[in-house]
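In the two complexes that follow, chain A is the common piece, with chain B as its partner first and chain C second.
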Partner chain A sequence: MLRRAETRFLLLGLPGVAFTVLFLLMPIVSVLIFSFWRTESYEIYADWNLDNYRAVLTNPTYLTFLGRSAYTALIVTLLCLLYAWPVAYFVAKYGGRYRLLLVLGLAAPFFTGAVLRLAALQAIMGPIGFINMVVTWFGLEPIGFIMYTKFATGIGLAYLYLPFMVTAIYLSLLNFNFQLLNVAKVNGARPWRAFWAVTWPLNWIGTVIGVVLVFIPCMAESLTPRFLGGPDGALFGTVLGQQFGETGTWAQGSAMGVLLFVVCFAVIVGMALTINPRRAGFTGAGR
Partner chain B sequence: MRNRLTPITLGTMLVALYLFLFAPVIYLVYASFARDTVWPFPWHFTVAGYVDLAGARAYQQALWNSVVLASAAAFLAMALSAMGSIAVLKYRHRWRGAFAIIIVSPMFVAELLIGISTLIFNRKVLGLPGNMGSAIVANAVHGMAFGFLIMLAQLVRYDWRLDDAAQVFGAGPYRTFWYVTLPNIWPAMLGAFVLSFLLAFNNLEISFYNLGAIPTLPSLAWGSLRYGLKPELFALAALVNGVVFAAFAVIYALMRTGLVRFGYRGI
Partner chain C sequence: MSDVAIGIHDVTKRFGRTVAVKNATLEISQGEFFSLLGPSGSGKTTLLRIIAGLEAPDGGRVTIAGKDVTDLPPYARGVGMVFQDFLLFPHMTVAENIQFPLRMQHANRATRDERLAWIVKLLRIDGLEGRFPHQLSGGQQQRVALARGLISRPALLLLDEPLANLDRELRKEMEVEVRRYQRELGIPFVYVTHNQEEALTMSDRIAVMRAGGFEQVAPKLDVYIAPATAFVASFVGHANRLRGNLRDGMLDWKGHRLALPKIEGATDGDAIDYFIKCEHLTIAPAGTSVGANLNRVDGTIRDIIFKGQVADHLVVLGDGTEIVVSEAASLPRVKAGDAVSITWAPDAGRSFRALDT
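Up next is the complex of A and B:
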């Protein structure tokens, strides 16, 4: 009986594991290898060296882009966290039977590609866009800072990734027993105290997943700054993408990819370390 | 009083978020009916974009490619994530933690990184040109991780003793799955499918590096940026949104009449 259970576990679980190893781990390992190679006129040669890393880590331009990406991602993640919690809480607690529909509604804009939505955002917020048209109707000066600035990039990133944060927190709250709050209340806790002592820690895993899901795409973003960032708004992802397109320096791009991966991985590990399984109320994915 | 105020404040935040998220979409639909899509104020109504779209083979081909890519990737992602989540939740195997971490890990790799690493792997290691299969697989890996998370979140509450009960009454593993497990977990599987479809349908960064010259909707939009977005593209986006809106209306109607509950077990 036990052997049969083991066979079934492997039959069901191994395909997903094998799929990940074959089509994600192997490519990432090949990026790691290529980052130590050399590209010359669009061809890649296998002579092992550290020049790609030296170039990235000593060139202040690349480091500026990396720092700017990290800073932008941090700010956007914090903003998303602040806004996503109340929204997710509302949907989970008061959504009733339409909860799923309300969450799907947040995902619906994703049916339109990011390129088109960012272009539309540009048309709404731009110097001669919809917002400024309305502003000038009232005889006011057009607002400059909402377009072609880092602020605009931040808005665009929050626009693209806020739904991920809401969904992650919502999924966590879905399995949260709201009656625990009544227990806290009976024991004399005021609403905010009950939130900090019960709701927040018990949904910390969902929050961590949301934070990581917003931080990582922001960190690697290449598209948004092209539309909204203005002339000096380029981010690390933009430059990384160029290595595989315009300049064709794949080895250099691989090194930048590895660097990006390391930064993201450090953030994931750092966030994961804040999870205290006993405090997070994680009963395990089982009985 | 306080109990009233909280839901009203939070609800307002939700409505504001909807407005923010849908404003560009509404703008796109509005501009698709305008004579000048770049600066559609004041509005001159026209359906020229839609007429041009009907005759534009390139856009239809791109839409078809996107649908094929997204359906295949979403189906793969749904199947793999459903199997993985059942394995991890139902069987108390010593590797279940490791399996769960491996299957969920693609979610935490940036799309850009998935794109460039699969490009390097396919092109330089396997020697493959840009092709649909690679793009489907790369998108499916990404979607599988998201589907897995959705399935886990929904299935944590599933009582696997139901399956044991069915087997006690003599049902084999397939009958058990078909008559007991599936009717209970299909909303979660649908969620995994819809999410992976969405992610793949409009994915630019993974698909762009894997597809080579095969056009999809996002890559077409990306490619046409240099010459300005064409009215046909606005019309196509508006049509896609029309279909999505209709689907939502149907879901709402079904839930309203109580025909479908999507796993909601409350009153």
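Up next is the complex of A and C:
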């Protein structure tokens, strides 16, 4: 017999659990199952085999795209990190009463859709876009190397995911006691030394969250390289998307998806291992 | 070399329109325990932060050991500082926290370990080196903060209300301890507090601050016994304020004629504030004969508040005015409701021309 309180908790929890199982867990499980099946002429057959994985792991094309995605994601993450830290720092420290407004302002790009944002970038970086307009104004040759290159993809991705990085670091800095920097300075630390000895380690968790939030979606990106990357700009996500669209090889695509899943999971675990809970400062007195 | 360890010359600091520190001039000697005492907003913490280099003064100079440090950043001043909320680095062990100043000075490992061993012994925190701050009690955290402030053997130690967050028992104990460290190290301590008991217990000299300026800078006994201004008289110690008018050299206070010390430049009819400390009043059952030279007022005991060694006797006079008398609690001569006489020697109190407020 269930007691009344338990019944109530069960009833309250049920919709959430059902939703999670139905729309989150099931798709992942089905992808996992498909990856062991076979597709032929846009039909999927449930005969269990490892051919999809053999192809993904031995055909250098897939691994090349995976490597290219990882490289792009890494560069974009580093760019975001370099840009987001100063922004988050100054908003958190000097934003004063406008802090919330400034952070919400970072969400401005989300007011429109992703496609619109990419189109706007095209208008800026394109062959007859804003940058080249300015360049030719000064009587110089238009720049050809920006649009439809990996460079453009990188800029597009950084623009797209920067808000996540800034928000993660900003929220971490909100909990950071800036007084500790005064302590470090009085005790002989120059500003940069104080930053590396105190600010950086005490905001490492927030930084890790930001890194993961930027790196993981970048690994799977297909839209941005399609709009900005040009003919040679395809990434792993682009190819993965093709399996479910043009070529109709769902089983192959599922195996690629599982591989992506494994790589991303490894990245998350790797990043989590860099956190030393005892030294994260979360349990510290006076924060 | 002169004996002056810290010199503050005509220092002024404004925050917007408020003047936090106003033309402060002060010299603190080598080996002196000096307190800045005042209510919140009196500018004492700002002055301390100016000495540390955490605030830049708008005018004036600061010298440490004869050297002008006004334009030096905090990390180049070589001072130690202990903060109110301990402010230990939560991601470092006790040993790492304490050794932080030495690491910033690029001291080698042998020096760091040697100094660590010395300071943990001095502050009696040996055995805690491997712990993290959140694993320590408040008192232990305070000692670690002190150790961090002292390990580099700074020219002086600045303390910003370091005991404010400790409970009463621990505070009493630490007051004595802090005083002991100062004596052993022989460097000046500049101690900011709003707690007069702390200041009186530990200091050699006290500067009483109010609205950014010094009301009195004097040895602690002078501050207590001979307050220079009405503000000091009301802020330091527990005193009754009797406001009346000067008449024929006597204080006319609510119909009582009271003898009082002479006031320079005061003439008949001037408004006078006469301060008499609670412990300088004596209470006796009504009708007890008193000495002829004593001031005397009569009233009724409304309540007796027991405080341990002393008890505050709240006495209501005929017109409803309340006077507080601190007397030994072990004397059950009187009880609530009794009619009593309060007496005191006139020169035990201090009189000032009344403040405009």
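Rule of thumb we're sticking to: the second predicted complex is superposed on the first by the 261 of 287 C-alpha atoms of A that agree within 3 Å, B and C clash if a C-alpha of one lies under 4 Å from a C-alpha of the other, contacts with A are read in each partner's own complex, and residues count from 1 in each chain.
By definition in this document, a residue touches a chain if its C-beta (ideal position, glycine included) is under 8 Å from a C-beta of that chain, and two chains touch if they have at least 3 such contacts.
As the structure is a prediction and not an experimental result, all values here were calculated from the model.
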- Just from the overlay, do chain B and chain C fit on chain A, or is there a clash? fit
- Between chain B and chain C, as viewed from the CA centre of chain A after superposition, lies an angle in degrees, nearest 10, of 80
- Query: In the superposed arrangement, does A:Tyr71 touch chain B (first), chain C (second), both or neither?
  - Reply: neither
- What is the contact status of A:Phe178 with respect to chain B (first) and chain C (second): first, second, both, or neither? neither
- Message: Looking only at contacts as defined up top, I'd like to know whether chain B or chain C touches more of chain A.
- Response: B
- Message: Which partner chains sit in contact with A:Val186 here, chain B, chain C, both or neither? Use first/second/both/neither.
- Response: second
- First (chain B), second (chain C), both or neither: which does A:Leu24 touch? first
- Message: In the overlaid three-chain picture, which partner chain does A:Trp196 touch, first (chain B) or second (chain C), both, or neither?
- Response: neither
- State the minimum pairwise Cα distance, in Å, between chain B and chain C in the overlaid complexes. 9
- Common interface positions of chain A, toward chain B and toward chain C: 285-287
- Item | Residues of chain A defined as touching chain B within the complex | 5-6, 8-13, 15-17, 19-21, 23-24, 26-28, 30-31, 34, 44, 83, 86-87, 89-91, 93-94, 96-102, 104-121, 123-124, 128, 130, 133, 159, 162-163, 166, 171-172, 174-175, 191, 209, 212-213, 216-217, 219-220, 222-223, 237, 240-241, 244, 250, 253-254, 257, 260-261, 264, 268, 285-287
- What does chain A use to touch chain C in their complex? 177, 179-180, 182-190, 193, 197-198, 201-202, 278-281, 283-287
- Mind listing the chain C positions that touch chain A in their complex? 52-54, 73-75, 77-81, 83, 85-92, 100-101, 104-105, 132-134, 136, 141, 148, 152
- Message: Looking at the complex, which residues from chain B come into contact with chain A?
- Response: 2, 6-7, 9-11, 13-14, 17-18, 20-25, 27-28, 31, 38-39, 41, 80-81, 83-84, 86-93, 95-96, 99-100, 102-103, 105-114, 116-121, 124-125, 137-138, 140-141, 144, 148-150, 152-154, 156-157, 160, 173, 187, 191, 194-195, 198-199, 201-202, 204-205, 209, 217-218, 221-222, 225, 229, 233-234, 237, 240-241, 244-245, 248, 251-252, 255, 261-264, 266
